[in-house]
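Look for chain A in each of the two complexes below; its partner is chain B in the first and chain C in the second.
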Partner chain A sequence: MSDAGNRFRTMLGHRLFWPVAVLVVMLAANTIYRPGFLAIEVNNGHLYGTPIDILRLSAPLILVALGMTLVISTGGIDLSVGSLCAISGAIACLYISRAPDQNNLVTVLTALAMALGVALVLGAWNGVLVSVIGIQPIIATLILMVAGRGLAQLIAEGQIITINSGPYRAIGLGHLLTLPLAIFIALAAALLVAAFTRRTALGMIVESVGGNREASRLAGIRSGRVVFLVYVVSAACAAIAGFMMTANVSSADGNNTGLWVELDAILAVVIGGTSLAGGRFYLGGTILGALIIQTLTTTVYAMNISPQTALLFKAVVVIAVCLIQAPAFRAKFRRRRPGAPPPPQPSPQRQKEQVPA
Partner chain B sequence: MRNMRMPMARRRAIAVVAAVLLAGGVAACGNSDTGGGDGGDDGKLVLGFSQVGAESGWRTANTNSIKEAAAEAGIELKFDDAQQKQENQIKAIRNYIQQKVDVIAFSPVVESGWDTVLKEAKDAGIPVILTDRAVDSADKSLYKTFLGSDFVKEGRLSGEWLVENKKDATGDVNIVELQGTTGSAPANDRKKGFAEAIAADPKLKVIASQSGDFTRAGGKQVMEQFLKAHPKIDVLFAHNDDMGLGALEAITAAGKEPGKDITIITIDAVKDGMQALADGKFNFIAECSPLLGPQLMDLAKKVHAGEEVPPRIETEETTFTQEQAKEALPNRKY
Partner chain C sequence: MSTFPISAPSWAKLPRRHMPVLATLALLLVMYGIGVSQYRAFSNVQVVFNVFIDNGFLLVIAVGMTFVILTGGIDLSVGSVAAMTAMVSAWLLQSGLPALLVLVIALLIGPTLGFLMGCAIHFFDIQPFIVTLAGMFFARGMCTFISDASIPITDGFWTTMSQYRIGDPRGNFVSISVLVAFAVVLIAAYVLAYTRLGRNVYAIGGNPQSALLMGLPVGRTRIAVYTISGLCAAIGGILLSFYTLSGAPLIAIGMELDVIAAVVIGGTVLTGGSGYIFGTVLGVLVLGVIQTLITFDGSLNSWWTKIVIGGLLFAFILLQRLIGIRYK
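The block that comes next holds the complex of A and B.
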């Protein structure tokens, strides 16, 4: 009994416990509302169902949030990712729309390379502003957030560019092993970032720069270079996310592609347990955070919550998630209860109170 | 060339300043393609127009229509792009008052905060015409007329077509609705007009209604969930073409045929939407036309001549079926 209790307590202490619990509660509530919510069927040779939709639609957010995790870990923030999504999507779609054969693989790859190249340059611009010139990250990236959307509209000449390209469409809607290709792209990016940061010292270096930039520099880390690099990585992630978003609807809309995705990405990072003050970062948590945000959006549609109350509903869930993750809030809650300081039993009940679903 | 000895940064700064001044100068001159004369002397009617911005293809078509119509009607147009900012628009209107133009027209960026500048125009004896969007001024004498689309009517026309189209249907007709941006005037009014019209037939039922934010991605994402939550959907009513276009993909992915298994009604009639209608993927579009240039020029002449005009004038708009779309498509301007 005490062994089981101990194990339960360790599980509760795990930093991913509460995000997972929230996700499970949301899925459960949806299933109660509509028993077919989790059903997956085979349609045209690939899997089809709401869980698959959630995975596919969260792929761009996962990508953007991965880059954001690294940036936030260095104590920075990147507000320009939404605009970068719009720019990369607009460039790629514009190039493809002007090509004689839109289904040509070389054309599509050229378009992707060009758009990615521009995004990297813009990421480097952010990096230089922050690391070399020393502008505060929120201001430095705000420039591109505002100007970038104008740039995207300029590229598209204020119009929505519609394309009809099979290979490009595949980025957003293609399938691999019966699952959407976008999921694999996001997964590959996550593994790549994880390998670079967790299999090498790079992750620790990023965290140390976020913890104390000056101390890291004195310890022999080229802090400026690390900071520069994370903004470039963030831009690259945003560019690929932009491809997915535009491929999903086969059109680039400078006004709306990736609109407010920077806020969702920051939220995903925070839900995942990374502090906005910089330092330790958690890639798994970020991915979970992105899934929670997408599930929340899908829940609104699936339960047909009226658009007027949907924003309030989302806000309440997000506040609940943040509160139950905050050690200070949990400690306060615990102190009020009589009896043993770490109560193993009332926690699931508490979780129900916090998450109105 | 003493400039050559200046430090690089300084020279660049001067170049930037010069460029900004130049750009400002061009903007202040207004529309250069109608000649630089200050009007009045040659007896031409001078119209000052302040546009919201260039945020969409619809708006660009709106601007082009006004410019072309002015040239055709022999009206000198002073055009200003407010870039989505009310202060730019107020500045432009004050400019027009100073230049003593004959008529001022503008598409207000927002609804409120216009009383002061409109009063200045009234005191200067310059009539004002609102286009496309309304203002909430309590004093209706501040402007002559409001020329623009009737969003309620667009919703109603869509609903009336549906009532007619489904009059022989047996059993309930399940409708899903993709709303525009929550709280926006077109979303509220189109929803209202549509609901009024379909109330005529009790078997028409809106079973789900969600916001797709007027975007393709939004329309698609919402439709995906509608299709999973409701096995029997007969009709989709989307508040604009773009959301309908996004929904097309979701419908195809669900193994249904848009236009046949699900009747699709949208509003706007932009080019991609008209193409979908001509291809048989949409069934009906109620037009929301940006081409109000000719009507505006007509009105400008009337108010300048002191004629009475009605306080509310609707843009000339039509509706399209699949057959009509095929005919109209080659001549569409936007």
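The block that comes next holds the complex of A and C.
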């Protein structure tokens, strides 16, 4: 009895318990509301269905959120990812639209390489501002967030660039092994990041820099270089997400590509249990967070509520998840039930003098 | 002088604290000078008045944001709250409530939301960034929840406030919104400089730990600044509805960025503890003059506004860094 209770309490204390619970509750509510929700059918050798759609549409968000997780774990934040999505999408689409043969694979690859290159340079700009000049991350990336939208519009000359390129479209809508290609791209990126951070010391180094930059430097870690690197990685992730977003609609709109994706990405990271103060990161939690956000969006669309009103639900979910995860809230909640043994502490949150945002 | 040989003369010490504000002032004068030298009509006094008329609501909201940023926090919800205030007042007026009652209700929504966000930030120790982000989503969602389309305002009081011109015989004028904005600026400047609340705001921004140990009411002040920011956003929303004579669900998207940019260009340090309301006024004016310059030029496209604002943000942050104001 008490053993089962303990196990339950351990589960309750697990950092992924609440995100998973929220996701399951949302899926269950959807299935009750619309019994066909979880149905998946095979059509033309490809799988179709709402769950597949959710996975496909969440791919760009997962990518952006992966980069954001690393940035946030160093105690920073990257507000420029949405603009970077717009810039990379605009460059790729511009190059393809000017090419004589839009379906040429070499053309598409050149376009992707060029756009990725520009994104890396812009990521390096962010990195230099934060690590070398020492500007507060939220402001350093705010510069590119504001100016980047202007740059994207400048590249597209204020127009929406439409293209008709098979290979480029495949990034967003193609299939591989019956599943959408986008899922595999996001999955590959996630595995790559996980391998580099969890199979080598890099992840530990990133976390230690987030915990205390100066102490890490004194311990022999090149803190500046690590901070620089995470912004470049974040920019690369954003660029690939930008390709997906523009490939989905075969056009690039400097104004609207990736609009507010930085906020969604930060939410995904926070829902996943990564603290904005830095020092810890959970890639699995981030992916769950991205799925929760996309499920919520899809749910709201399915219920025929306008996309803007969906923000209302997003606000409620955000506050609920944050409150549940806030140590202060848990402590208050626990005090109301005297007698019960204190459940195991979920990774103790360190107090910081100042929060970065 | 001879009695204090060690200390530098007072005029040499002054600039360090006032440098960002002075730089903004210099930039503003240079930009205005460029405008006057390039375009003949620019020297018209009405151009300056128009900058105030077009940016009155931005000014009020930026004042609220200055309070929040001075404590080291941030409020992302202001643009949405302003839009929600305009939307609610348009909706209530449409359903036939008297103008005065609508005004009171509309002005209560913002502070209430701000108070709740402040409580969440203080009592549950959640990042201001996330809490106000949720507030932003909530307010924007409420806008479309009220109506998907924009609601026109035909109420007599509103149209009078919108169209009434206070001017001199030569035809230059300002709107009532500008006077309201000036009143808000003066009150805020007084509160920050001469009241206990204002000094607490600076103290908490400087170092919350020390402020707490000194016995200052950190929690109360922190909740108060978000409430003030909400109130300013609500007043800004009312001014916005005077300006547009409608409530539109998608208005003021991204305004929080303009506001933050204005506050930073005005010399307020984002880690808190240093900055002036006067600087914020200058920051808003800089943004306004940039827009006016680009409108006057005609050949430049609107996206240059964003690129220039980004460049200015960079320049000012670099300046603050160079003169050694604490940046973390």
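We take it that the second predicted complex is superposed on the first by the 334 of 357 C-alpha atoms of A that agree within 3 Å, B and C clash if a C-alpha of one lies under 4 Å from a C-alpha of the other, contacts with A are read in each partner's own complex, and residues count from 1 in each chain.
Methods note: a contact is a pair of C-beta atoms (placed from the backbone, for glycine too) under 8 Å apart; a residue touches a chain by one contact, two chains touch by 3 or more.
Everything quoted here is computed from the prediction, not taken from an experiment.
With both complexes brought onto chain A, simultaneous placement of chain B and chain C is prevented by a clash. Of the two partner chains placed by superposition, only chain B is touched by A:253; chain C is not.
A count of residues in chain A touched by chain B and by chain C gives the higher number to C. Applying the stated contact rule after C-alpha superposition, one finds that A:323 touches chain C and leaves chain B untouched.
Of the two partner chains placed around the shared chain by superposition, chain C is the only one that A:314 touches, whereas chain B remains out of contact.
Shared-chain residue A:28: touches no atom of chain B or chain C. Looking at the shared chain after the overlay, A:218 reaches neither chain B nor chain C.
Of the two partner chains placed by superposition, A:105 touches none, neither chain B nor chain C. Of the two partner chains placed by the overlay, only chain B lies in contact with A:36; chain C stays clear of it.
When the two complexes are overlaid on their common chain A, residue A:158 makes contact with chain B and with chain C alike.
Only one of the stretches 74-82, 128-136 or 290-298 in chain C has C-alpha atoms clashing with chain B after the fit on chain A, and that stretch is 290-298. In the superposition on chain A, the residues of chain A touched by chain B in one structure and by chain C in the other are 153, 158, 306, 308, 310-311.
Contacts from chain C toward chain A in the complex involve residues 72, 74, 120, 123-131, 133-135, 137-138, 140-145, 148, 207-209, 249-250, 257, 260-261, 264, 270-271, 301-307, 309-311, 313-314, 317-318, 321, 327-328.
Against chain C, the residues of chain A that register as touching in their complex are 77, 129, 133-136, 138-140, 142-151, 153-154, 158, 254, 263, 266-267, 270, 276-277, 306, 308-316, 318-319, 322-323, 326-329, 353-357.
Those residues of chain A whose C-beta lies close enough to touch chain B in the complex are 34, 36-37, 43-44, 48-50, 53, 57, 153, 157-160, 162, 173, 245, 248-251, 253, 255-257, 297-298, 300-302, 304, 306-308, 310-311. Per the touch definition, chain B reaches chain A in the complex via residues 54-57, 59-60, 179, 182-183, 208-211, 213, 215-218, 220-222, 224-226, 228-229, 242, 245-246, 249, 253-255, 272.
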